[in-house]
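Read from first to last, the chains carry the letters A, B, C, D, E and F; within each, the first residue is number 1.
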Amino acid sequence: MTSLTNYKYAHFIVTSPGPYVAHVEINRASKLNAFHRNMWLEFGDIFDKLSHDPEVRAVVLSGAGDKAFTAGLDVKAAAEEGVIAGGGASEDVARKATALKRYIFEFQECITRMEKCEKPVICVLHGVSIGLAIDIATCADIRIAAQNAHMAVKEVDVGLAADIGSLARLPKVVGNSSWIKDVCFTARPFSPEEALAVGFVSRVLPDKKSAVEAALQLAGKIAGKSPVAVQGTKELLNHARDHSVDENLRYTAIWNAAMVQSEDVKKALMAGLTRKTPTFEKL
Amino acid sequence: MTSLTNYKYAHFIVTSPGPYVAHVEINRASKLNAFHRNMWLEFGDIFDKLSHDPEVRAVVLSGAGDKAFTAGLDVKAAAEEGVIAGGGASEDVARKATALKRYIFEFQECITRMEKCEKPVICVLHGVSIGLAIDIATCADIRIAAQNAHMAVKEVDVGLAADIGSLARLPKVVGNSSWIKDVCFTARPFSPEEALAVGFVSRVLPDKKSAVEAALQLAGKIAGKSPVAVQGTKELLNHARDHSVDENLRYTAIWNAAMVQSEDVKKALMAGLTRKTPTFEKL
Amino acid sequence: MTSLTNYKYAHFIVTSPGPYVAHVEINRASKLNAFHRNMWLEFGDIFDKLSHDPEVRAVVLSGAGDKAFTAGLDVKAAAEEGVIAGGGASEDVARKATALKRYIFEFQECITRMEKCEKPVICVLHGVSIGLAIDIATCADIRIAAQNAHMAVKEVDVGLAADIGSLARLPKVVGNSSWIKDVCFTARPFSPEEALAVGFVSRVLPDKKSAVEAALQLAGKIAGKSPVAVQGTKELLNHARDHSVDENLRYTAIWNAAMVQSEDVKKALMAGLTRKTPTFEKL
Amino acid sequence: MTSLTNYKYAHFIVTSPGPYVAHVEINRASKLNAFHRNMWLEFGDIFDKLSHDPEVRAVVLSGAGDKAFTAGLDVKAAAEEGVIAGGGASEDVARKATALKRYIFEFQECITRMEKCEKPVICVLHGVSIGLAIDIATCADIRIAAQNAHMAVKEVDVGLAADIGSLARLPKVVGNSSWIKDVCFTARPFSPEEALAVGFVSRVLPDKKSAVEAALQLAGKIAGKSPVAVQGTKELLNHARDHSVDENLRYTAIWNAAMVQSEDVKKALMAGLTRKTPTFEKL
Amino acid sequence: MTSLTNYKYAHFIVTSPGPYVAHVEINRASKLNAFHRNMWLEFGDIFDKLSHDPEVRAVVLSGAGDKAFTAGLDVKAAAEEGVIAGGGASEDVARKATALKRYIFEFQECITRMEKCEKPVICVLHGVSIGLAIDIATCADIRIAAQNAHMAVKEVDVGLAADIGSLARLPKVVGNSSWIKDVCFTARPFSPEEALAVGFVSRVLPDKKSAVEAALQLAGKIAGKSPVAVQGTKELLNHARDHSVDENLRYTAIWNAAMVQSEDVKKALMAGLTRKTPTFEKL
Amino acid sequence: MTSLTNYKYAHFIVTSPGPYVAHVEINRASKLNAFHRNMWLEFGDIFDKLSHDPEVRAVVLSGAGDKAFTAGLDVKAAAEEGVIAGGGASEDVARKATALKRYIFEFQECITRMEKCEKPVICVLHGVSIGLAIDIATCADIRIAAQNAHMAVKEVDVGLAADIGSLARLPKVVGNSSWIKDVCFTARPFSPEEALAVGFVSRVLPDKKSAVEAALQLAGKIAGKSPVAVQGTKELLNHARDHSVDENLRYTAIWNAAMVQSEDVKKALMAGLTRKTPTFEKL
């Protein structure tokens, strides 16, 4: 397991279990990997780095320990940070609203950096996976669940509408509006099988270990492909999610006008003809 | 079954089978609950009222009688109202088109009020559920089917493209474009199992009675949650359906900048810690 | 099998196996129906003609021969056309990019004409169905697979992001983002069953013959309906895919303000009452 | 001055100073035509009626009396209605926000009905024209100022961002962003000449009387044209404001596919050839 | 005056009055350059060719003769083509609407090709410039008027809303909504000075001759710049017109990621340092 | 001149010439205030800080020295950074394009932070104001020019389309498309008078000194208003620029549902009644 030595964080472990693959683990197992502010600042920073790191072509995200991917926001820490009360500095509703708006924007932006990471991210849901766990998972490209994953869009049970991305992204990720509203209004848990049936995850493995292994294998497979092709595919699929077909076609053509000039096309074609494994320059 | 005494309508029964739950029944069973103009005007009015009624936090919609949710537009009545012929006042194509445009806008708007109702709406499809039944169902947040539901996007069989919402909303509700076009081009019926498999409904119950009971139970569960959280969740999910992820995140933050200042957050957190059922102020 | 005599093409067979039904076959079986530039120019031309042909109300697309729907781009031909190298005329990156942009636009536009064809198109995936096969299939309204269909979004394996429509349209066609990214990043094949489960196809038949028959039957059924109703339904569903619900409702009303003035409405209603098969004027 | 007898309102006078022309006057001169809630409810109702009234083809809006078009919101009345305080029913920030949201939506919607009125509306700004006066004026199609018009986007001076439409519409109405922000941030008054130079109004007349006369003459001229053509022009220009050019072209074609079938086209062409004044059927 | 020998058209003259400059003249002076269907088909074809012609970097459009830029649609010809009556093939309103829709789409698309032409187009308005003249002018990048230009959005006077682009594009071209609606509702003529004041044209010259000369000079100046830079600027400004600032920035970055790799950047920089005139490769 | 002590930067001076007003000066006069990478990183950082600084309610931006606002990008420095050559790390076109894309994104984002700064920004254009000067100026809310301002969208003269915002924002800032394309295609300078006439600036002062004074006075006036009202106005006007009217109205209502609960409304109303200057809490 090589390198990635620049990734020293208090609450995350970042390793490289294979060529061009990074594994990010949320590392606060004693608290079910619950997040406080410093954690999401670190989280954003990690995915910014991975995004431009030429040693990385695919990323796997999971939680440290056996119990949880993440139990979501560490409510106690949030209370101490004074955020839930609106920053505390003022009693004026508009000023509290402004403080909260800035706080939510910062929080959203940190999590969104995983979505904007240029490299594909595979998220493994295992154990407790509620609240923020779902916000994070919807930012990933591919979702895999372990059999013991306990998933719920939990925010309604703490008196608020989920605001770090679950409601913004679930309708883009799952084509079953009736199910989405059911789980979001009730905060009820849903099983890996249910998640698979509706398309929230695309695979279920027996336990965390096998799920992480499957994710790493998939990441390895992706890391063997042309990074120009893979990263273009991520960009264009994310663009497609938010635009009309006509807009997508135009954007795609502009994108590929530069990208198909890459040596990767020739290398990949040649590799196909010679049935050898191609080697691509770093990106 | 309490109150909701303000809801006196010729063609709908509105009752309250449990705390903060409203049950709306289409009440023209002798005509398979088929709609004429007065009915959709009433329909719009009911959901406008429910939207702001502090006694209501979740709504169930079903049809009176055993035979039908609704058989759709009462074509005979529509013919008598002269609408299909373009209002009759003029023979000029442009003037007929104008009359028809106004008529369709009014009809659409009445049905859309269920979608815009701030409280979640659960729709129970049972018996004959064709044409307008599907337009209405796609406006609901959650769809449940009884085993006897006979569903079809029937409009092609009367020579027109469905214009009260089925075509506008089905692609947002179901992530299976091939299936949608199949049922919309052919007007063929589809079974509850098929509807469940593609995600048009999220649950199938053995008969109308059990389906309505399941819907009321689900409504009851939702009604027990913070109304600030639930109604925000509905608003933000509907916004997400029609906007990009970036737009959604920004709108969500602005929304929650006010909403997380609610007492409901503290009450819900406290209730979570003390494992008691919270009580929320009306909304 | 009548007429359609105006459709003489070097690489496509166009026949009429039943009233108002056209069958388009990609006819280069010796090369697994792989495409070169002349073929997509013909392809675009055919669907332009079908779009306005009053003898046609529904179209089926399949590949000639037993081996392939299509193996996608004929890479050798493309290399000879000099396109992959950027047109060859200049060594300047910007000028190559401009040549490639124009080339991709032309290619996209030819394939898109099938989507913009006013008549419904049913695509039968059978045998080798990779790369461009998926671009084409996502332009169809309804997708049916034969059991032997070997499908893959293959472009990553030739070093590029798919640019003729797969990435632009898959998120509109299938409501399972995790699956889409899995198959697009890895270029792995997926089975007809998998395609059915995620909603990429809406039906699987035992072999090519039965799949084409099923498609023709479905086309025949659609061709028996009012063409005003069916073609309006296609237009409005495609519009719905790319717009918000409010936009869709307004566009729908404007569309139908003209269309429900059609004689087809009266004919269809009368046919419903008299239980006779209606006959509609050509469109 | 004929008819329009159905327009009996407490705070508005509606007359018909010429064929197919309606003149709406805000009639609360003793309070500088300042608005309270009943007034905007009436305002919305009037423009709904005018929209479908076949006797009306163009509308002029002005204020009664010599002093003001309107001084905007009647703050004292708003305070008594309890709105500024958030409806009063609850002390909870989220519940107050909900009450305010509903109140603002209702207020906005009433004013917006003038914009959505199918007939062109010409607004005459004269005397005091501040706050809500600008919200209303931006809903009009054409703006004319009298020399004595005292205009200002005044809301910042009462501690809030204008929320009834000025900020939503000014950037669509005037192509001078630097000027818009200057007058909106400072709440400073601007002169008719300044308004003309930046394009907020398209004409300045010496006094109220001449401005109203000019507006009525313009309305008369418009009322003499084909109502199919004029009302289509309004619809399509408003659509163009909010959509891309490609969207506009498509919408325009769909709209005109019905509308150019009108007799008005033949009548107008014939009138052009014979140099006679055409007479068009009511709409 | 060199080459451009491939441009042989019945109703247009295409010359090259200077290096990389094309001059297109509408050549039906005997009929005030009024358009019939063959003319707009030719018009679209010409701009398609110019778009990819490496000998052309800037285009000027004017009318042949002294009397008119163009008097718009040749109504008599249109009547003979049967279009205004809806194609004639059917009496059914829906079928006529379909024929008209196809006709308008084709007409719009031909004119739009000037907008989509990759090279800048400067339009000289002179003499009679009404109806279609304005549709065409709004497709140009830069508009110059001769003092004798007689301009009007004339369509309302023939009983229809302008449908070939004036209403779709005027709000994008001129930031003065009140003026736009005035001239579109009344069909009144407006003077070159008025056009200059509101920004419809950016320059007025004393007569046709001087206006065409000024346009050719401007075209010559543009043609001396890097074609990569100029054509990118056109593309990005047209994109900006129809998208949000955030969308524009992203699209711009993707575009320039290829384009700034051009040799033109180095040549232009070097030319700036050495104060010599750069020479750029064809595009 | 008080405080703002936290703003220590190598290339910018940040002072507070009056209550709640910040003055930012680009401080590299020896090089005509031309930018290199460290400068735009500092620039972004400054506006991030100002955005949340409770001591600041309005900002003025100008250049240090008498010669230039800014001469734009320091091309020599950019060449040394290796950016124009695509980062240098790879010869592959796709990899260069990726490096350039990241570079442009970072550059754009730093400049955009001025636009996203919650406080109004007034930009004073004086002396040399070309290239990046215009990109920056279009991010400001209000533009003022000194008589000696020499302005040009200069990028075409260095062989590229402007990519830091001029092309993205000019069509939103100025409603005169013909003029925009003229100055962007030719890179010609335009005078302050011309800028005023088309609305690029809203005021011209005789020299830099008077222009900065006018800007500071205007900033002072804005700083005296309720910061809740002013900052809401900026947010809502920027939202309006990029959205439809209907979207704007909804967003406005959600925004104000929190903001009109502010004490500022009461203070401002009371101040209006008592004709005293209100004092608002910091924001």
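One rule holds for everything that comes next: a contact is a pair of C-beta atoms (placed from the backbone, for glycine too) under 8 Å apart; a residue touches a chain by one contact, two chains touch by 3 or more.
Heads up on the chains, UniProt names are A, B, C, D, E, F = Delta(3,5)-Delta(2,4)-dienoyl-CoA isomerase, mitochondrial.
Just so you know, these numbers come straight off a predicted model, no measurement behind them.
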{"item": "Subunit F reached from subunit D - shortest hop count over touching chains", "value": "1"}
{"item": "Pair from A-E, E-F or D-F with over half of its contact pairs in common with C-D", "value": "A-E"}
{"item": "Inter-centroid spacing, subunit F versus subunit C (mean Cα positions, whole Å)", "value": "48"}
{"item": "Whole-Å separation of chain centres (CA-atom averages), subunit D against subunit E", "value": "33"}
{"item": "Multi-partner residues of subunit E (each touching 2 or more other chains)", "value": "93, 96-98, 172, 174-176, 199, 228, 241, 246, 254-255, 257-259, 261-262, 264"}
{"item": "Residues of subunit C defined as touching subunit D within the complex", "value": "251, 254-255, 257-258, 261"}
{"item": "Residues of subunit A defined as touching subunit F within the complex", "value": "52, 90, 92-95, 97-98, 102, 228, 231, 258-259, 261-264, 281-283"}
{"item": "Residue numbers on subunit F that touch subunit D, as the complex places them", "value": "120, 141-143, 172-176, 199-202, 218, 221-222, 225-226, 228-230, 232-237, 240-241, 244-246, 248-250, 252-262, 264-269, 272"}
{"item": "Of all residues in subunit D, those that touch subunit F in their complex", "value": "75, 84, 86, 93, 96-98, 100-101, 104-105, 108, 112, 115, 155-163, 165, 167-172, 174-182, 184-187, 198-199, 241-243"}
